[in-house]
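What follows is subunit A paired twice: with subunit B in the first complex and subunit C in the second.
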Partner chain A sequence: MINILFFGRLGDFAKGVPSTIQANTPQEIRDLLAVDFPALAKELSEPQVLVSVNQMIVGWDQQLMDGSEVAFLPPVTGG
Partner chain B sequence: MSLDDQQFMRYSRHLLMDDIGEAGQLKLLNAHVLIVGLGGLGCPVSLYLAAAGIGRLSLCDPDRVELSNLQRQVLYTPEDCGDFKVDCAAKALQALNSETQVSAFNYELSTGGAADGSAQVLASDYDLVVDCTDNLAARHLMNRHCVERKIGFVSASAIGWEGQLVAFDFGHNQNPCFSCIIPENTAEPTMNCGNSGVVGPVLGAMGSLQATTVIRMLLGYFAQHGEMQRYDGKAGRWFNLQAQAQEGCGVCAAP
Partner chain C sequence: MKTIRIQTDDFDLAQEYQLLRQLSSTVGAVVTFTGLVRDFQDDGEGECALDGALDGAIEGAIESLSLEHYPGMTETLLAEIVEQAHERWSLIGSTVIHRVGKLLPTDQIVFVGVASQHRGDAFEAAQFLMDYLKTKATFWKKVSQDGEHSWVESKDSDAAAASRWDKGLLLGDAEGSLLGDAEGSLSKNAEGSLLGDAEGSLLKDAEGSLSKNAEGSLLSDAEGSDHA
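The block that comes next holds the complex of A and B.
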């Protein structure tokens, strides 16, 4: 199973999302979440959303290993 | 070169520290730092760097002070409204530390073309560039410049309750670069501070962290090239991430 985390304001859209999921890539996690959590999936589809696996920034097609921690971070661009 | 009596008093809290001392203070006094963006991040960054005795600060921002800035941009007063931010900031920083040489460029750093003044701003030999802007085009231009010049790049941003900082020491590392995290052709997100708001002290926290990172890098204590620090001010949580070089990156030429 994959442990999933939603950082910052993404957490507001992720209420009720299970903390673990079965998936092969972050993209697959987003696709699975779109079924029951469309508002969260929409936020995850914004440009500049970051994905990390075990705190390394990765692409959406990164292959996941059992027990990995996948974190999703919303874009932060203001100054 | 050594410090005079006034400087010994002014910078005594640095001089008391073994890992700064007179040699470290002289490094700060000899440094030239470019700060791009004099908004919510640029205000604390420039204040702390001027107070710390950075020898030369160049400030770049095309905007004028507006009333809605005063909730978070702590260098400005109501009397400044309508004036260029860089001019108001330069005046305030000179009042704080007249030893710091301050240059003000009321230009937009965007495409890098001759028309927008970018070439003039980037012509100087900076030791380090601090990104306090609110747009990706400027970030990518600074990133490219720092990769090419092999100098430090300290980038931060904030929105709502959240802040982000990522720093690169291109003097000692070729990659990754900012473009490895967010490629140059990426679109801007829907949310920005203008339509979604931002908590002032979150900008203060990230700006203070940027200023600390600048001082660390100038003194040779920075060893976290490509590490990103994220702050969620509402939850009171930090999260650290590491960027990785992207194969075929057109900016830092990652292998």
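The block that comes next holds the complex of A and C.
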């Protein structure tokens, strides 16, 4: 299973989303989420949203391993 | 010394300054920056829109700001940014403190302090650290008022500020940085900038910064005089 995390405003759209999912790529996670959470999937499709796997920024086609931590990151606003 | 702290507690500016000051008898310059939580109302309407914080739903004074971050990744990213600063400038020590959790207007939110032999390194490194921190470290601000909240949106001006440093146009460290740094930073940024439109900003900003730096770099002049 893949652990999934949503940060910033994406967290507001991810209420009720399970914390784990079965998928091979972040893209596939997004597609799966689109079924039950279309508003979230739309947010995830914004070009500014980045995805990380095990805390490294990766492409949406990155192959996932069982136990991977996938996080969806909207543009950061620290400082 | 490289200190990075993410904490809910406040920090003591004087104490952080003393720690940097006392690092070594070779410290000749300490630059510190402290960021505070602003009351967005003070900005007036235009700035409100610029900040993009309020989404139309919340207007007026903010009641509180909360900061979320990605534990683990934030520390890693800050460490990378600090490492880059120490590679690019001659630094004796640096401190980065970022608060998370709930904060109120006028609260201290972020501290960057840099100690070096000469002021040029400290000034530039401090600015670089802040610019990069704002655009690359995994923090997110949320503004709350009357039970409603809105996420602060990233600003193009922050992206532009950070992208200045990607082009190897740094004052003073011309040796090697122009060529040596350009490729790595650019490609790294295109892949990994958390702002998303890094590529656009890099291109958009390149021309302006080039000419600006070429014409009027006070710092590189100053450093030249120091050596002379």
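To be clear about the criterion, the second predicted complex is superposed on the first by the 75 of 79 C-alpha atoms of A that agree within 3 Å, B and C clash if a C-alpha of one lies under 4 Å from a C-alpha of the other, contacts with A are read in each partner's own complex, and residues count from 1 in each chain.
Just so it is clear, a contact is a pair of C-beta atoms (placed from the backbone, for glycine too) under 8 Å apart; a residue touches a chain by one contact, two chains touch by 3 or more.
In this text, all values refer to a predicted model and were calculated from it rather than measured experimentally.
Asks: Will subunit C clash with subunit B on subunit A after the two structures are superposed, or do they fit?
Replies: clash
Asks: Who does A:Asp61 touch here: subunit B (first), subunit C (second), both, or neither?
Replies: In the superposed model, A:Asp61 contacts neither subunit B nor subunit C.
Asks: Based on the superposed arrangement, let me know which partner A:Gly78 touches: subunit B (first), subunit C (second), both, or neither?
Replies: A:Gly78 contacts both subunit B and subunit C.
Asks: I'd like to know which partner A:Asp36 touches here: subunit B for first, subunit C for second, both or neither.
Replies: Once the two structures are laid over each other on A, A:Asp36 reaches no partner at all.
Asks: In the superposed model, identify the part of subunit B that clashes with subunit C, out of 22-30, 76-84 or 94-102.
Replies: Here subunit B runs into subunit C along 22-30, and the other listed stretches stay clear.
Asks: Could you pull out which residues of subunit A sit against subunit B in one structure and against subunit C in the other?
Replies: Residues 7-9, 11, 47-50, 52, 55, 57, 71, 73-79, which sit in both footprints.
Asks: Under the touch definition given earlier, write down the residues of subunit A that touch subunit C in their complex.
Replies: So the residues of subunit A touching subunit C come out as 5, 7-9, 11-12, 47-50, 52, 55, 57, 71, 73-79.
Asks: Could you please specify the touching residues of subunit A with respect to subunit B in the complex?
Replies: Against subunit B, subunit A makes touches at 7-9, 11, 46-50, 52, 55-58, 71, 73-79.
Asks: Taking the touch rule as given, give the residues of subunit B at its contact with subunit A in the complex, in rising order.
Replies: Per the stated touch rule, the residues are 37, 39-42, 131-136, 156-164, 181-182, 186-194, 198, 203, 228, 230, 232, 234-235, 237, 239-244.
Asks: Using the touch definition up top, name the residues of subunit C that touch subunit A in the complex.
Replies: Spelled out, the residues of subunit C in touch with subunit A are 35, 67-70, 72-73, 76, 98, 109-110, 130, 133-142, 151-154, 158, 191-192, 194-197.
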